[in-house]
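One chain, chain A, appears in both complexes that follow, with chain B as partner in the first and chain C in the second.
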Partner chain A sequence: MKKRKKGARGFNSVMIVWLCATLFILLFPIFAIILMSFNTSKYGALPFEFTLKWYKQLFQSADLLSATGYSLWFSILVSTSAAVLGIMASMALRRMSRKWNKAFPTLMNVPVIIPWLVQAVALLLLFNLLGIGKSFASLYFGCLVAVMPHSFLITYSRIMTMDKYPEEAGRTLGATSMRIFLDITLPMVFPAVLSGWLMSFVLCFNCFSIQYYLAPFGTYTLPMLIYTMIRAGYNPDINAIATILTIVIAIVIFIMNKIGFDVGQLVGQGHKEK
Partner chain B sequence: MNAKHPRKLVRHLIWPSAVILLAMSLVPLCMLVFFSFADGNVSTLNGIAGYTIDNIVNAVTSATVGRLMLRSFWIAVLVTVICIVIAYPAAWAIAKVVPEKYRSTLIMISIVPAFTSQLLLIYSIMTLMQSNGLIMTPLLKLGILPAGTSILYTNQAVIIVLVYEYLPYMILSLYSCLEKIDVNVIAASHTLGANRFQTFVNVVLPQSFSGLMTGILIVLIPVAGSFVEPNIAGGPYSMMIGSLIDSQFTTAMNMGYGAALSLLFLLIMSLTLAVIKLVMKIADRRIGG
Partner chain C sequence: MSEIKIQNISKSFGSACVLNDISFEVKNGHLLSLLGPSGCGKTTLLRIIAGLEYADEGSVFVGERDLTPVPVEKRNIGVVFQNYALIPHMTVFNNIAYGLKIRKVKPDIIRKKVQEYISLVGLEGMTDRKVTQLSGGQQQRVALARALIIEPDILLLDEPLSALDRKIRAEMQYEIRRIQQQVGITTVFVTHDQEEALTMSDEILLMHNGRIEQLSTPKDIYNHPVSLYASDFLGKANTLVGILEFRDNGWFVSGDGWSFQVCPQEGFTAGEQVYLAIRGEQVAISSEPTDNSAACTIKNIIFTGEICRLMVDLQGTAMTVSCINVLADCFQIGQTIHIRVDPNITHYFKTS
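Let's look at the complex of A and B:
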């Protein structure tokens, strides 16, 4: 008995060491970028000399800043649309037959399984055929259809598993449908909607392939601009914007953690039926 | 609103999502078959110029396409396996070893790289791998590597970048599954005399199959279809099928051929997924049943 316990402790410490090593490797490039954004050398070369000139350049050139701004508000627009659509579809499915409840989530999984490159290519061909081509509408719907399933599947699985009695009670007590939705249903699904929103936001911010194919000429989202910059050569002010973004995201994640948001919800729920 | 059946009216709320899903995803994907017959470009002004079967014939018979398909799926499988090997113990440590109050924090930390933009991540790894970057400089100074070498612009670089990108997703999906395993079941297995390996194979592994499947879907599919990583971090010999498809739309301007390639890629990917699902099912029955 004692021997097993000792063995378990050894095994557990190996696991902890493995975890620390993994996290170190995962986070190392990010820390390196933060360090390099304060380094004088243009190519991230050593030795290290402190400077703030890349931040100055970043705020003067405005290219990266405006692309970041565009990416941010565009992602907020798309993920909010996806969240609203997700709630609507989930509410509707609750009142629909079992056949629909089986078919619709399965169909919703199609855009999840299709690689974004293929999805983007197919959409571009369709828009070209229709004579629309690359435009804001193409970009919006392209990104929306790519992220909508994630938002929907998270909200849907929450709505289907949640307790129905509070709503029934509200109805018995004479509340209107709207009142029940706003006061009972929405607060109950809100954590799921929030996870779905966050997931769509991240995915939309990152869906480079779709943006690359469908964004109108002259419009640059942040990933598109970085892609062009990397292909053209190294621009150290990318380090600066990466640092700022990483810190902002770390703060957001920290706050969400504090208010009790469970990031484990993001994955797994959506793929339940598999 | 019809006061009599407000609860039935709720059903119509499904239309917006249904229409977008149909018009923006299902229909365009089915139309890839149609576009595969387009001769040359599909332009905004003229639509389709003519029809030909050459695209499909070329895509199926070309040796280059076959080689790229094979390499893409090989890289995808390799990256997925590396991710699983690294992520499994890490996810286990977060889910079962670490005290409960630190779990969500650790998961949050591991997801930070995935939440920063994908291209920023690629860029940061590439800076590290440069010959005068943070990693290569000490290796070169110590004489471990001959001067002037860089791992950048090789196949290995592409694989490293891809593993970095998708590892957080694998950790997340394995964690959300491992977390649900009851510790008492593992303890029971030990009490009944199973050793660590037997417990893992018979108790833990079968219960984590769903997480593995999610992880494989999240990692394998996008990796197989990636074109950004080989384009930026790879060299002339690290092209993947995604790069070839992409080039038909951006440089070669032969959209019909691009559509045929995408279609072929989708077919092979569906087959691969079916095989993986089958293997998982058999494994599940063999071990879990």
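Let's look at the complex of A and C:
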């Protein structure tokens, strides 16, 4: 958890201009889309006239909503699997020799470096070979492969830097390893697991290229549907769904940040600071 | 509550031998300090007793029970770790109650017992605080209560006071000793602070490079160190190199321009070169020469509070002697004084 010190020095004016420019470039497209979703003109033409018709259209067309629903529950499934596997791998790896401690995380980093497009094609080849081709199973495993390293690396680095003495104290008090995991280890790594989960969720939601190659025919995740729709002709109800998603995700991140921050403080070893 | 018996414990990490054939006993209800410099294997020994580490050889007995094959969680040993090892997301109450919850004690009994131990360690009113919101001394008390509440057979403390400042430290030394005696629990206490070991223990085990240097009562180990190392570690002795002589019906250690009377010690012969260990506070200082005194010049006077240290030059050898504050006013830098040692508490050791 990064915390800015209260007494940190302020920015100088050059840095402020730089910061504003950066934030503008980062955030302007998002604001533009939000504004356009409320604009009457189909092509984002000015002057701005407020309307909710794109939202109405969105809720009348079943496609976008159902694809959103699919993407949501699918991402939850994948990121939860990744979180569970991430904890299991970290716990196991912690007990292994230093050689594995170094080698395995490096190995796990490989999928992070390889472009998703390459991964997707490779996975499709593999799944074809295995005879499952484009199916739900290949979609699930494909996305899991793509997001798992993130969830694992976040959890693992927390577990490795975590104070191991509370767990040893638990053992001297008579707790079995299962109790220690549930009562002590898990709560201590929970903030990391949570941020790993969130990371996986967002990545899985967005990993268009993998979904595009591996999803079974007839199944549309939201990014796939948007892609198809844009190819057919741009319609501002896409802006509307983008706006809704942006707001929902912003709220989720805000809440997570709050929780993460508090949990982090609770778990961190800040004896001295009150 | 039982005695601890350690037999021939050896332990190596890789090729580094950390503990070498350690054997000792702690009597029922006694507190034994493991004293030694950093890295001498104190923590390792304690962890072996606790069962958190396995010895290559040797066995650990508590009472009549051989604990060597017993896993940690079945040993019923109370451990207070160096950094307290409190469970950070639990309150004071839950930390202390954890061992009882594991033992499936009924909630109302747990509540009563936790209250009892909270008042034993003096933490009334903090029951529902998060442990991260406590001061070092308070966390230490929680750790102690948590270790004691399971009514362990023995208690192990690993430098529990090293993170505390001087004042709380002295307070906690007293508290730990009081609680230990009140509960009557056999305790092993790790420290690298000789003063702490001397004040708190029934017995001190001085370690050096994974071996036992000396095992004795605080008084005995201070007054009769068996080696130069022991004499130096417990109260920083001055070490002089001299020749052991027998003359005028007495034994002396003499060097260049000085000679101090000593007691005969077994295994030494006249004419041998020895190390003479002289504690600064065991030196008698006078301004006039007396029998068997040696002259030296004051180079510096250091005020440390209750005592003053005189840095003196004994014919080319630097020495530190101490005297109580009020006496120090009689001396000035550059003055010549005469020092004499008490033969009964002055020891010498072989040079090889």
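Keep this in mind: the second predicted complex is superposed on the first by the 248 of 274 C-alpha atoms of A that agree within 3 Å, B and C clash if a C-alpha of one lies under 4 Å from a C-alpha of the other, contacts with A are read in each partner's own complex, and residues count from 1 in each chain.
Keep this in mind: a residue touches a chain if its C-beta (ideal position, glycine included) is under 8 Å from a C-beta of that chain, and two chains touch if they have at least 3 such contacts.
Because the structure is a prediction, the values reported are computed rather than measured.
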Partner chain in contact with A:Asp183 - chain B first, chain C second, else both or neither: second
Broader residue contact with chain A after superposition on the shared chain, chain B or chain C: B
Partner chain(s) touched by A:Val202 [first = chain B, second = chain C, both, neither]: first
Chain B versus chain C as contact partner of A:Ala175, first or second or both or neither: second
Which superposed partner A:Tyr165 touches (first chain B, second chain C, both, neither): second
Touched partner set for A:Ala137, first chain B, second chain C, both or neither: neither
Partner chain in contact with A:Ala103 - chain B first, chain C second, else both or neither: neither
Touching both chain C and chain B, counted on chain A across the two superposed complexes: 263, 265-268, 271, 274
Residues on chain B engaged by chain A in the complex (per definition of touch): 6-8, 10-14, 16-18, 20-21, 24-29, 31-32, 35, 42-45, 47-48, 86-87, 89-90, 92-94, 97-98, 104-128, 130, 132-134, 137, 164, 167-169, 171-173, 175-177, 179, 190, 196, 210-211, 213-214, 217-218, 221-222, 224-228, 231-232, 242, 245-246, 249, 255, 258-259, 262, 265-266, 269, 273
Complex contacts: residues of chain A adjacent to chain C: 163, 165-166, 168-176, 179, 183-184, 187-188, 263, 265-271, 274
For the chain A and chain B complex, residues of the former touching the latter: 4, 7, 11-12, 14-16, 18-19, 22-23, 26-30, 32-33, 35-36, 43-46, 71, 85-86, 88-89, 91-96, 100, 104, 107-108, 110-119, 121-129, 131-133, 141-142, 144-145, 148-149, 152, 177, 202, 205-206, 208-209, 213, 222-223, 226-227, 230-231, 234, 238-239, 241-242, 245-246, 249-250, 253-254, 256-257, 262-268, 271, 274
Complex interface listing, chain C residues touching chain A: 50-52, 72-79, 81, 83-89, 98-99, 102-103, 130, 132-133, 136, 139, 143, 146-147, 150
